[in-house]
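Look for subunit A in each of the two complexes below; its partner is subunit B in the first and subunit C in the second.
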Partner chain A sequence: MVTETPDATPAGSTASGEILRVSDLTLHHLVEDRLVIDGAFMSVDSGEVLGVMGESGSGKSALLFGIIRLLLREVEQRSGRIAYRGEDLMAKSNRQMEQLRGLEMAMIVPGGKFSLNPVETAGSQIVDVLRSHFPDRSKKDLADEAIEILRIIGIPDPDIRFRAYPHELSGGMAQRILIAKAMACSPQLLLGDEFTVGLDVTIQAQVMDHFHALLRERNTSLILTTSDLGIAATYCDTIAVIRRGQIVEYAPVLDFFANPQHSYSRLLLSAAREARAQQKMDEARVDVERDTSQDRRFVHEDLPAPPDLYTLVAPGHLVRLEDE
Partner chain B sequence: MTDEPLLQIRNLTKTFTVGKGQELVAVSNVSLDLREGETLGLVGESGSGKTTLGRVVLRLTEPDTGTVRFEGIDLLALAGEPMRRMRSKMQIVYQDPMLGFNPRMRVRDIISEPLRLHETLSRTELQKRVMEVLELADLDPRVLSERPGAIRKAEQQQVAIARAIATGPRFIVLDEPTGLLDLSVSIHIIGILRRLQEEQKIAYIFISHDLSAVRAISHRLAIMYLGQLVETGPIEDVFARPTHPYSEALLSSVLLPDPKTTRQRLRLSGEIPSPINLPPGCPLAPRCPLVEERCTGGPPPLVAIRGNGESGQPSWWSTCFPLSDNEENLDNWYAIMQEHESTETEELRAAIAAARTENEG
Partner chain C sequence: MTTTTWPAVRVRVPRLSASAIWAGMRRQKLLTIALGILAVMIFLAAVGPIIAPHDPESVLRETLLDEQGQPILNSQGDPRTQLVNLRAPSGTYWFGTDEKALDVFSRTISAPRVDLVIAIASTIIGLGAGSVIGLVAGYAAGRGRLVGSLAEVLTRFMDIIQAFPVFIVALALVAVIGSGQDKVIYVLSFLFTPIFFRYVRAETLLVRELTFVEAERAVGNPTRRIMFNHILPNSVTTATVQGSAVMGYAILLTAGLSFVGAGVAPPTPEWGAMIRSGVELMQSGQWWTSVFPGITLGLTVFSLAVIGESIRVRWRGSGLRGY
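Here is the complex of A and B:
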């Protein structure tokens, strides 16, 4: 159920490079009778990685499901506009959304092998995704393409893995298959829901490094939910902090880590600072100043946030007013 | 022998038979000491044998060979009633406390159950003891009449801790106790565990993936890979200057919560191999960037990094062939490891670009 707001102009279609614009998204859980998302907003450019940070129950996963419009039956959308490349997603039929999902935007779920179909090979699950969007292409053609995707994702021996069942894969490998499924049709926008949780740190670094390089290479955007400050700092361009369904702070990553404003963000970062102080004593570590001058900066000057609730503290850096 | 450790583990091995004559060595020749009031952090990739080691030490799983001495008594020689009585002194807390609770019991009964099994207390004594452990675990008495499913995840874990300490154990295996919890809650649980240890002198084996949690609670660190201990030493020393290539790879993979800094990593190639029918030699050899021919020949030597402990074990040791050549000159060894480290994704980007052009060409 969608409440239409009167000025239904496709918001943000003029902003250069903007691929997704969400404003005033409110999701209501009918059974629990609470707002899981309360007035969320965001703007994502091509190639940008937006990190949505929050603890469990903060609504970060619900936000992703709201954007791709896959809501539980007991969750109703009270308000909100979602514009993908200037097109209003709320105006699309289920059929049209199905076409969009996979082809234009796709979700990477966590859970490794437990999120794959146990009785189908890894390869055929990727072929399934491809076939649903390209029904006319031959079986052989689709299989070749699936193997190629596995190779690009960084899976060794892709033709062997293609025939492997999920139980034959390690957790890291299964997670890469889930990434491959999402990237099969080269969507422009990926939604990643804490998908490296449960991977060991060495494997997480391997998977994320490769995935991140691939995103940059293809200029693909990613909205990533995480509660890991290391992931936020290392791979995200922009940070949105969410608490109890509300975005409390939204800022470019450098600005966020250097100058957090909201008390909740400061609390999150104080733990990080302690860990960092300890890490600096590790003599064997060689920490290198990162050359951030070459990074593409994503500074959103016109975030669709209600001005009575948010203060602009720096370009693209918004903080929600705190109730005393 | 006043200084005998609380727990002395020697050459412990546990092999599981899987399928037709295939052997999975989950714990391979592990030796460790644990002192009263000490925490040993146990880390390693999934499948490295951490949980099996914890279970074998408690005799929840029977080892094939090796010895476990607890308070000087050979645990593996005990049977029946003496072993059962011993169990009140050693406990375990799991990652998901709900798996160990009867969902239909109330918290009061969950906590008092071990007391009823191990001690004969009057009703008032029992009540008093339950209230004591409740306070030690920082729990509100209101949870007593709740069923475990009705309380928060963190409180469930506190109930599991309260139950574990009810019989006054000397030693607890904590198997990923913060694995399912948010950061702020996990800090709270670690605070409770630390305070308990200070007050009750309980020894912990703390098994975790979360290296910062391990660092916050442990006195010593043991790093496992494919069933073997590859390095053990004082926590701050191993974090600051690990000597085993696997330790370095693991510790340097931790992402920094700082967008302006990146870290040189020792990168392992590929993934943790199947632990079934492992070839002889160093278990890391197929992935190690510093691998040499001799690494695949036989078991790597034990290199003492720092002196001998009271019980004959060095306080800091590592098992690695190339390291053994540099035993006298560790700085040289650190320099060699650093030569194999790299920072960022430049090479990756190049590799991906190459793969694409090759594909298009």
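Here is the complex of A and C:
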């Protein structure tokens, strides 16, 4: 039951507008005959970082692919409304979606060099993305812009990396190229699919710090799937925990770590402790606490969740009723 | 953030020096010979008819004169004429002359312009057409009922073309559209398209599922760009490797068609037609009209086979398998 709370507007809540609103998204896998995503909902403001947490196979990636509308052939959408800046994405044709991808929303995929075309230089792959959306501009012009993008992403020697083939890049560098490709046309919404997995911890922190600062600077939103509590605590504004395709808890990051309500969320946090990530978690907590002064809080008062399945425990903090 | 600056280490990339090339040639003698033969043939295709000591297409006047300088009548029934026209290899006519009093050496070195051009053109056209159709068929396979079925129909059509013996189909097609250098190019291109189609389609089916393709789509590349800029360059390698072998096959087919009189007609210099013209003469001892073009043809096909095999070995185990 969603109970109306009178003190609806906490201090620190920003008035930046909603950029993405997803409600009742249900994806059905035809071959395995199960729901990969079951009634997912979310609301993302511009500049917000939403962390989607869950174990592997819980549907984190499927959720992102569902939002950007790149479903596997075996997956069909049963229901759902995806509104990007008020526009209904479900009503858009494939061609319109192709226009939208890259320009308005783009996905950062994991896998480093394995997610890059092996026979094309890093630079020309970025130029390709730019050319898809700005066909009238000259190649020279776009190449200059691509080098500029590489520089902004924080890649040393952008001129040299521009001409490098994926196999000549390190894992961290290749992952930064993937970020550069997604950010090439300055989309307002980025979908990051566990893209720091596989990088070692120091590189991961380096990449994420720079990337996060860039998001702040451009007021770009990010939906980030991760199973890393440290990343979730450090960089996300809001956390959604997903299990078996269902969102079980949706909360502002501080509320979530201070006061996890769903048994699965607690399990997830304790599992991390057992995995000797306690220290990291404490660090992450310290990070969060340190950042709060300048942190913008995103508290969603009107999450499009079905009221008969979710309880509102605090402003913007929803917990799914436990059925077992 | 402070960054440590490391001294730059320059990796030495071995330069392509004359001694390196020489060492490579000593290591791969057979390949060197094959490349040498092919180079000579390409050179002849470019300048053969120009450097030929005699006109490859017109009758040598001096062979039509007898020892006293009197003209010998070239009438059909005169048995003397053919025998006089046929001159054994000598200092003047290195490979001798054939029964029509044409210089065999001049014709042999002029033929690459016909044979090699047919082989190269038909292979390139076949590779181009096969790649594009293969890419489309591979990309469309299994996508949607209509598009997927069209791709399937296309694939089966290619299977049907390949189900027939190549030489018989080539003969039949030449019979329909007529003979001549350009017609032979069309026919061979048509017959080679399924070969390259298969390779590119198979590779496309593999490449389209790789993560980077999904990644390209997720950052906003449209389908057309994904197909031609990202999938095609990754799926065309195997087909290209086959190019050299197919080219050798093309020369054999061209010669074969002309041998049975369906390809390029005399007096255009062409190895197959030249070999044909000397077949009966072999029995009466005038071996040179067939043997010299035959050896040249054999050497050319051999060199292309060696080059093709060498490329194939080099590519084996590389390419996209690691991805």
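Here is the rule we use: the second predicted complex is superposed on the first by the 289 of 324 C-alpha atoms of A that agree within 3 Å, B and C clash if a C-alpha of one lies under 4 Å from a C-alpha of the other, contacts with A are read in each partner's own complex, and residues count from 1 in each chain.
We take it that a residue touches a chain if its C-beta (ideal position, glycine included) is under 8 Å from a C-beta of that chain, and two chains touch if they have at least 3 such contacts.
The structure displayed is predicted, hence computed values, not measured ones.
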The chain contacting more residues of subunit A, comparing subunit B with subunit C, is B
- prompt: For A:Ser170, is the partner it touches subunit B (first), subunit C (second), both, or none of the two (neither)?
  reply: first
**Report entry** Touched partner set for A:Gly51, first subunit B, second subunit C, both or neither
**Finding:** neither
Does subunit B (first) or subunit C (second) touch A:Ile152, or do both, or does neither?
first
In subunit A, both subunit B and subunit C touch residues none
Seen from subunit A, its contact residues with subunit B in the complex are 55-56, 148, 151-152, 156, 170-173, 200-206, 209-210, 212-214, 216-217, 227-234, 253-254, 257, 267-269, 271-273, 275-276, 278-279, 281-290, 292
In their shared complex, subunit A is touched by residues of subunit C numbered 142-143, 210-212, 214-223, 225, 229-230, 233-234, 320, 323
Subunit A contacts subunit C in the complex at 68, 70, 73, 95, 98, 100-103, 106-107, 109, 111, 114-120, 125, 128-129, 131-133, 178, 181-182, 184-185, 187, 191
Subunit A partner, complex, touching residues on subunit B are 45-46, 182-184, 187, 209, 211-212, 215, 236, 239-242, 248-265, 267-268, 270-272, 334, 337-338, 341, 343-345, 348-349, 352-353, 355-356, 359
